[in-house]
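Chain nomenclature is as follows: A, B and C, assigned in order of appearance, with residue numbering initiated at 1 for each chain independently.
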Amino acid sequence: MAFDSKPVPSSYRGALRGMLWLVGWIVMMFAAANLLGTSYRLTIGANAAIAVLLALSVVIVTGFAGQFSLASAAFYGIGAYGSGILTTSYGWPPLAAAVVAAFTAGSVALMVGRPILRLSGHFLAMGTLALNEIFILLIVGFPDFTGGNDGKGGVPSFSVWNYDFASLQQQLYLAWSVVGVALYLTLRLQYSRMGRALAFIRSDETGSAAVGIDPGKAKAMAFTISAVFASVAGSLYAHFLGLVSPEPFNVMASVQILVIAVLGGIASPWGAVVGGITYALLHELIVFAVPRFFGAAAVGAGSQFVVGMLLVVLLIVRPQGLASFAQLVRGWFGRSDSKDGEQDLVPSTQISLCNTPAGTNVLKAVDLSRSFGGVHALSNCNIDVSAGEILAVIGPNGAGKTTLVHVLSGALSPSSGEISILGSNVTRQPAHLRAGRFGLARSFQTPKIVTGLSVKSNAALGAHRLGAMGFFGAMVPTRAGFREESAIDEAALQALRAVGLGWAFERHADELSLGHRRLLEIGRVISQKPTVILLDEPAAGLTRVEKEELVKLLVLVRKAGYGILLVEHDMDVIMALADRIHVLVFGKTIFCGSPADARSDANVIAAYLGTKPKELAL
Amino acid sequence: MLDTQFLTQVVITSILAGVVYGSVGLAFVTVYRVASVINFPQADLGLVGAFVAISLSTASNMMQLLGAILASAAVSAVMFMGVLYPLRRASLLVQTIALLGGGIGLQSLMQLQYGTGPQILTQFTAGNPIMINGAAFPLQGFWILAWGVIVVTGLHAFFEWTKLGRAVQACAIDRYAAGLVGIPVGLMTFVAFVLGGVISGVAITVQAPLSYVTVASGLALSLKGFIAAVMGGGERIIPTMGAGVLLGLLEGLVIVWLPVSLQQIFVLLCLLAILMFRPTGLGGRTAHGI
Amino acid sequence: MTTILQVKGLRAGYSGADVLKDVNLTVKTGQVVALIGANGAGKTTMMHVVAGAHRLSAGEIIAAGISVGKQSQSSLVRAGVALVPEGRHVFGPMSVDDNLLLGAYSRKSSETKQDRAYVLDLFPRLGERLSQVSGTMSGGEQQMLAIGRALMARPKLLLLDEPTLGLAPLVIQTITAALDRLRKEGLSILIVEQNAEVALGLADYGYLMENGSITASGRPAVLASNELVQAAYLGGTTVTSRQTGQIGQ
């Protein structure tokens, strides 16, 4: 059973479950505070909480959003130094200092995040690494302010309105309460509209833009929230330890934080809890064992060595981290078996009707051109699609068909020409706005399905543009949020039933065959409630039976009033569906008209259809 | 303050430093062109060579150099076999993270062995520096320049003119297809890795007499070598060396206007600027996708 | 040798799940054998394993005298087994000529001139574009290049994985004609195709694969009249030519 297909709870049941979790959490804290005994163990308990908080920050930016950041230690440091300096040098109350520090961390992340997250993979890693280095250099470079390499001591214990968290037990309660809140927020984010959006961004950014998600903004927000979490961890650290120094916030530390998250399972919030606790214990073990082997002075280097090796070994042996064991266990206890159903391929719900009256022009491209260097992929193309019709675009490979779809959808910009949707000029609009605001929906040659999510969540991604709950709305429960989730849920289920995948809604998307993934993508397109639909070779790789189902489905979609631009190779499918055919060869239109005329047109035959193939030698 | 002697001195020191950055950058390029992976701890691997050379304090300079070559080759081989090879089917990102972990492990091992203090090597050819414009051009500088020239010409000739060189690049372009054509991809990647280690190893060793090295020097050198590689387009030989020299000059000359504490920040800001605005480098050709 | 490829009891798969279950297949020297079946039946995995790019879990494959799996992929190529992979996989940033030369990696450079002349004669279009960057060519041209590159290794057994996938009818004709010529000149070929017409039109013998096992085999005429094959892959009534589209590169 897919892990994220939680049925949207009725407010009552949800609140009750929440209450139980809260009570359980408090009980655990109480038990830990009283049973751990020695101050040594209590300190480990508090350290574990900080490790969990740091791991959660990585889970959000790297696990959820897929962005490889090595700057976590810098934000951790902003929190620590912010709290440290404001409380010692300026006498601020700790709560205010922590809030300001978190705000600073968040602002830096937001400012720097937008440009730097345009990078990906190695470059992002290097860029964030450079950021972390800059932070350390700033700390060390202004010793009057920060205490330089020696650091700054005398940080008081955390206090709120005269209540002092001075004892180790109190610190434990404080730390784990904060972790509890952070965990709650992270879990809420994971199962929300933005959580799904982040999963899509992680899986395929282009695909996410095609359903109306703004990847740049979402990534920057994830980065910012992650920075705030790290900063809060830093503030706690400063107050618990009583001093701040540069070393725990350098590049090495960023990698250590990464290790904690990988240990637990990089995309799993509960994994972060397990990973943080495990790491804290592991750290003590290292501190205990290393001096025996390498001498007392070697603790620092020795523990770093173990961390480095741990990371390598983890990635080789168990990259999914400890959280994956939970999946295994769940597997043993059996999944709720959705009946293996190829049944219900017959669409069982009606497709929601398109609002646009039939015959209205929904998509118009005038004089569209696109060149790559010297190659003219598209030359002066004129396309128009009306509501309730299917325009088929055919042509040899390399003729520009996929370029056309990319230019129309905004994945590529045109060299010249104009594109309008329902009369509005969208030529300058980025892909995610064409999808989100103007309702352009498209499918891809290889279906862009998020394999880590359930089938229903994938369909719900289509309805992303119908919702409005952002990150804050995701994390804080509101009545409006509930209602929106229910509505999106409904739309997703409806769309799935309409394409005949109703039986699969709880399944993991990666269980689906290619044919079903194609259907799922079309389901996602439908749930977008689009104004115009672009389909890129949807019949490719399907068996004859699957193609017939596809044709039947598209006939229904057309009947519901949508305008479709269909790029295809399969002549059977085209002849069964097309109202008009547009033939592209080397980027130029050589024919546009009815299917019957296309088949007898001399140019089309010469360029594309060719002569009859030799008969099978029977 | 801006007299010609001072400037000349700064220029000499900067160019020599720049050649080292360029060499480390070329080590990155070598590995990248074959394995498509950024070998983050590239300079750390080379640093091992330098440290081994230093510890061979009683041996002749030639022996020290040989020791550096063998040590950096050996540690690169171990890094490859222990970290990269087991993960050869994993995604590039996982490989990168693993190399990061390996680099940390390596650096801490060095710290355990050599401690954190600075280490220095005696210069290879005894003698006084040559004076130019009143500024000193150390004899060791010839060694640095010589290595720079060797690496640039050698790599260029290899990649552009030899069949093996092209085969080796095919591995990064399409690893799967390279295997289908009969290219032993694993072996090629191994050779590239070791080659990269030797390139950076010799570079760091020959500059050790001019400025001290510590176990922590690797990070800064890796970053600057990476900047040089990115500025050079990620895969072009001569632009990478040129970018390294340019970077050295920028870093050196900026001291004239900025306090020393901000010098390194300036360099890092350059990296960020390049990454964000011209990740394809100054050469203009697009680097491979990630 | 009379048999260029012998597959016995082959099992192979990915972490836990077997994609190929007990496959038996033979290609005699000089024969063209077609392997048809639906997308996902295991045909591509089969080609990977035979070409040495994927491990077998059980069974035996003898290709061009080499026991696949017991020796490296490069020695397999040197022995004369060349795969034209699904999706072409040309070396995009390199020129057509460089691609061809790399195809001859396993051979001595003295022999490559002859092979190159042969390939250019087979596909004149490539000769017109020798210095063009291969990634900018159309799908059909890339397919020709991929086949040419494989031929540069002077293979004894040519493996083709979906050579007509995603190509326009006109281009398919060019490629089929070239393959036909290779067949007449005695090259042993194993071809995997979703387009059963193309595959059975070329082949001397055919196998039908479903869910990782061979469910039918025989001469093309027999196979074509088999109900299973008819239902899934043939049929189609009025259209001049049938294609299945491309899955995507």
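To be clear about the criterion, contacts are C-beta pairs under 8 Å (C-beta built on N, C-alpha and C of every residue); 3 or more make two chains touch, one makes a residue touch a chain.
Please read all numbers here as calculations on a predicted model, not as lab measurements.
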In terms of C-beta pairs in contact, which of A-C and B-C ranks higher? A-C
Return the chain whose centre of C-alpha atoms lies at maximal distance from the corresponding centre of chain B. C
Where the centres are mean C-alpha positions, what is the separation of chain A from chain B, in Å? 36
Centroid of chain A to centroid of chain C, CA atoms only: how many Å? 38
Using mean CA coordinates as chain centres, what's the gap between chain B and chain C in Å? 43
Set of chain B residues in contact with two or more other chains: none
Which residues of chain A touch chain B in their complex? 68, 115-116, 118-123, 125-127, 129-131, 133-134, 137-138, 140-142, 251-252, 255, 258-259, 262, 294, 298, 300-302, 304-305, 307-312, 315-316, 319
Of chain C, residues touching chain B in the complex: 51-53, 72-74, 76-78, 82-83, 85, 89-94, 98, 101-103, 105-106, 109, 149-150, 153
Give every residue of chain C touching chain A within the complex, in rising order. 38-40, 136-141, 166-173, 176, 194, 197-198, 200-201, 220-221, 224-225, 231-233, 235-236, 238-248
In the complex formed with chain C, which residues of chain B make contact? 163, 166-167, 170, 173-174, 176-184, 288
Quick one: which bits of chain B touch chain A in the complex? Just the residue numbers, please. 38, 40, 82-83, 86-87, 90, 92-94, 96-98, 100-109, 111-112, 219, 223, 226, 230, 261-262, 264-265, 268-269, 271-272, 275-276, 279, 290
